Amino acid sequence: MYQWATDLFPICRSLTGQGVRDTLSYLQQQIPELTIESIKSGEQVFDWQVPQEWNIKQAFIENESGERVIDFANSNLHVMGYSEPIDKIIELEELNAHLYSLPNQPDAIPYITSYYQRRWGFCVTENQRKALKPGKYRVKIDSTLEDGILNYGQLLIKGRSDKEVLLSTYVCHPSLANNELSGPVVTTALAQWLKCLTTTEYSYRIIFVPETIGAITYVSRHFEHMKANTIAGFVVTCVGDNNDYSFVPSRSEKSLADKVALHALKHSVDSFQQYTFLQRGSDERQYCAPGVDLPVCSVMRTKYGEYPEYHTSLDNLDVISPEGLQGGFSIIQQCLLLLESNHKYQVTVLCEPQLGKRGLYPTLSSMTEDYTDVITMMDFIAYCDGEHDLIDIANKIGCYATDLIALANRLFNEGLLKKITE
Amino acid sequence: MYQWATDLFPICRSLTGQGVRDTLSYLQQQIPELTIESIKSGEQVFDWQVPQEWNIKQAFIENESGERVIDFANSNLHVMGYSEPIDKIIELEELNAHLYSLPNQPDAIPYITSYYQRRWGFCVTENQRKALKPGKYRVKIDSTLEDGILNYGQLLIKGRSDKEVLLSTYVCHPSLANNELSGPVVTTALAQWLKCLTTTEYSYRIIFVPETIGAITYVSRHFEHMKANTIAGFVVTCVGDNNDYSFVPSRSEKSLADKVALHALKHSVDSFQQYTFLQRGSDERQYCAPGVDLPVCSVMRTKYGEYPEYHTSLDNLDVISPEGLQGGFSIIQQCLLLLESNHKYQVTVLCEPQLGKRGLYPTLSSMTEDYTDVITMMDFIAYCDGEHDLIDIANKIGCYATDLIALANRLFNEGLLKKITE
Amino acid sequence: MYQWATDLFPICRSLTGQGVRDTLSYLQQQIPELTIESIKSGEQVFDWQVPQEWNIKQAFIENESGERVIDFANSNLHVMGYSEPIDKIIELEELNAHLYSLPNQPDAIPYITSYYQRRWGFCVTENQRKALKPGKYRVKIDSTLEDGILNYGQLLIKGRSDKEVLLSTYVCHPSLANNELSGPVVTTALAQWLKCLTTTEYSYRIIFVPETIGAITYVSRHFEHMKANTIAGFVVTCVGDNNDYSFVPSRSEKSLADKVALHALKHSVDSFQQYTFLQRGSDERQYCAPGVDLPVCSVMRTKYGEYPEYHTSLDNLDVISPEGLQGGFSIIQQCLLLLESNHKYQVTVLCEPQLGKRGLYPTLSSMTEDYTDVITMMDFIAYCDGEHDLIDIANKIGCYATDLIALANRLFNEGLLKKITE
């Protein structure tokens, strides 16, 4: 995963344009089944319109001596996203009004965009800005803003059921590592893993979209189907650093996705930050909007906005690590495994089953044996009433539901349990 | 309001009689639309009968020297409410059995009544009682207890909807300021304010009744209508002092009135005492009785029974103040404003609306701007699902619902919201 | 009760056999209406089969000198329950594999059974085991394991309603006092008390069964009826010591039995241990199994497993006491009294009734009287809405529901309340 992130890091992504296509093509090499869709500029998607396509060849600020004091070639963050083209010579004072920097982080280039209003601008470090002497500067942005297409990638892995789990990640940030690339690379690894499973209970809809407009476009094209079939979903973002784990719930804060994510986090990582829906910030804004209301939450490492490098050039490949990505991958994998096994069971006999005759219960009563496993089994059976699902029962017993799966399968194979389908 | 209280203070009110009529007439000068109703003594109202009418001209205790040691002319609290007439000469010992005083408040005349059993008595300060020397005393109470009428005042301010808000206050205590007059004067001011509003969403039923028997009589005459139309109600009492704010909920403790009152109190006063329905004590006893179950709560300054002057001659015009009354007026006004605006809204588009094109969202992404207002707007929209009302959303966001009204109106006018009518 | 326990203590009970019959016969002397039922070995009861009948005449271990070092005549715990017959001479080493002792309680004989797998064994104190010298020993167990019958006792006391309360206790442990005999003797005393009542609201189904297989057998024979009629039930066990009180809820943890038991415990004993359903251990395992789901909880003194003498020869007549049994009896009696009176009432008038004319309310208003009782009455009436039952109202007011019964009856007799039947 870290290698993929390294390969993708230099590409200048935005909402639209060649950078997105290059990124999707690269991912398609890892998952050949990924299809890349195109939507024309100007198409109405709910309350929005697909914007024009933006591409950029080069950009720089040259001083009077012809030195390129700022060069897009050094960092694609140097140009404000969706900058209109410009090529003129201006005084420092005028230039300054088009420069964006962070006084409190003097070595960081901020990540700034102006998607829906035509502007031009350069993002620079505070130190770069301070180094500029009065005088004339040539500012050149060789970009195009024209009717074109918006792209996204999608993949559907069919399971036994038509019910779907959504994995959504975004591909619209330029060279930003944790708050961008960790998402697509972990999602790609999850897609590879899911494809390797012989069979899954649920189908998996996996999408790589530009944030906001891409998610809105995707929902607008698949609304009825997603509304009818999505049982849970996860926005995959900020899953590459090695610090915290974090959780942002769906709008209802009690969807199946929330239940699964909270249970997995509680039992499989040491600690995590629990946010409320008010602290959302990515595409769950669209998936959980009133009337859309898909059961989508977000399970992350350190949440966007909660680490100092966020949305600056410092969110680079040093912020993420193979271990960090592996942790992000694992926690979402745990959620999906749990979803796959989270059935409701009902015992097939009245009163307790006689487990002794099946070799599942000690035939000798004694106070000195360790009955922990037997007690867990009896407790599990006691709640197999067709109403509690595996996670409910695990929450009752105080264990990790994943640890009950083998037991459930054994009792199921003994004919003592039946699965309840909703 | 304080002037009205000052004017009304000397009048000797009781459940019935000229004092009530004088009070209602005075209030009618402030609100010409107020109608004064009359119910005959003996009329059955639910489990009760309208009592005889009580009037009193004068009363005194004279010692052997002909000195009036106690004189009703000095304080109309000196005579027990509903005292039967008496005029005889008795020994101190016999007199003492008809005197009521408060050993722990030696300078306070207690407020005592015997509405439903014929008695006579004088209420005196403990010091007055102690000053009485053995000997003969002439006791004279020139009162009448005869079939007559019970009066109350009522006013209906029509709104767009037939659904009503009830404001109920009482007019049966003699010269008592906080626990009586603050109620009718604040209610009168509220009625004037409501009349001035060009239009209101709800209709307002405002009644001035003798406590208990008046409320029971009123409910018995308007039960079906009130039951069908009352969406919230407030008993207005003890709203004139400058100390605490207090809240007594309706019986269900979760009616719309409770929700509105709690939200307004939490966000518009510094602190308040929250009581339970068990600590009720005024006409919510009738409005919230099983089977009646109107959604009526009580929002007060210091609650009856919770201040030392309560039900004594010390509850005089010094206990209340213009500021105290204004505070009592304001908090109930806040409740009514909130009620009027507490709609459920639903966004008219799927996914987030594009606020930028409407000038409601910054067109430039940046980490250094203050987005508080934008975040509040986005959070507000996120819960406009047709199920949460304004207060629910404000409780989610952690702000005062009143502060969301302008925002709601703006989004409504943009066509982004529709109101949900139940 | 203590005398009954003393009489029953020496009998060697097990799941089946003469000891159970002797015990039931003795109880029948106390309750002549008790009937004793017989079920044949091999009969299928849900997932189980009624086991063979076990009887034992004598058993001992003899050393080479012909000394009986272990003798069943000294304690019927010395033989593992359901031991198959044996009579042979073996070396100490082989013998040791058939001995059960408790290293941490060197003077206690453990209580061990092997109902469903044929074994033989002796239970001895750790000290007895250590005293055995190498050599040959004759082991003799003169027992029979043959097709026969399983017995239980049952009694139905008819009340006005067909709705039933279940009292279930067990009769399958040999000489064990708290965790066995306290149960049947307290249940017997409760049966005698219930029979003495002129009339009861509910019917009482009282059963004395071998634990687990007896309860399963009983449920399998009466399932439809019990399911349709049981409103509450109590497993009566460990009710004889003088230490704690304890509570194990039903599976739902919110059945009527749970509600009654918790209310009675909170208000009639100083303190109690509250366990969860996960800490269950007796026949509520069967009654509360999924699909059976009878509303059965357990109200105990010190819970099984929570005192050191549990399931050893030390759980003898010293562990229980007349006072301990009386406490166990009383708390369950409190539960039953509460159940009998736990009606829902509705006031028959709208608004507050006029209590003064019925002599129930002071005719004089005054601040110096103690109105506690009047306030309780008014609060009680305020919640008589046909939805809150007596316990709900008591929980609201913060008093013991039993203390409201006289008041409820008085108001009922005044015609102010009607009972609501579900």
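Per-chain residue numbering starts at 1, and chain names A, B and C are given in the order in which the chains are listed.
Everything below uses one rule, namely that a residue touches a chain if its C-beta (ideal position, glycine included) is under 8 Å from a C-beta of that chain, and two chains touch if they have at least 3 such contacts.
Since this is a predicted model, take the numbers as computed values, not measurements.
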- Would you mind reporting the rotation angle for the C-alpha fit of chain A onto chain B, rounded to the nearest 5 degrees? 120
- Quick one: compare the interface residues of chain A with those of chain C and tell me same or different, with half as the dividing line. different
- Task: Could you give the separation in Å between the centres of chain A and chain C, each centre being the mean of its C-alpha atoms?
- Result: 55
- Message: At least two partner chains per residue is the criterion; list those residues in chain B.
- Response: none
- Touching chain A in the complex: which residues of chain C? 46-48, 81, 100, 102, 110-117, 119, 212, 215-216, 219-220, 223, 251, 277-278, 285-286, 288-293, 310-311
- Note on the structure: Counting only contacts in the complex, chain B reaches chain A at residues 346-347, 349-354, 356-357, 363-368, 378-379, 381-386, 396-397
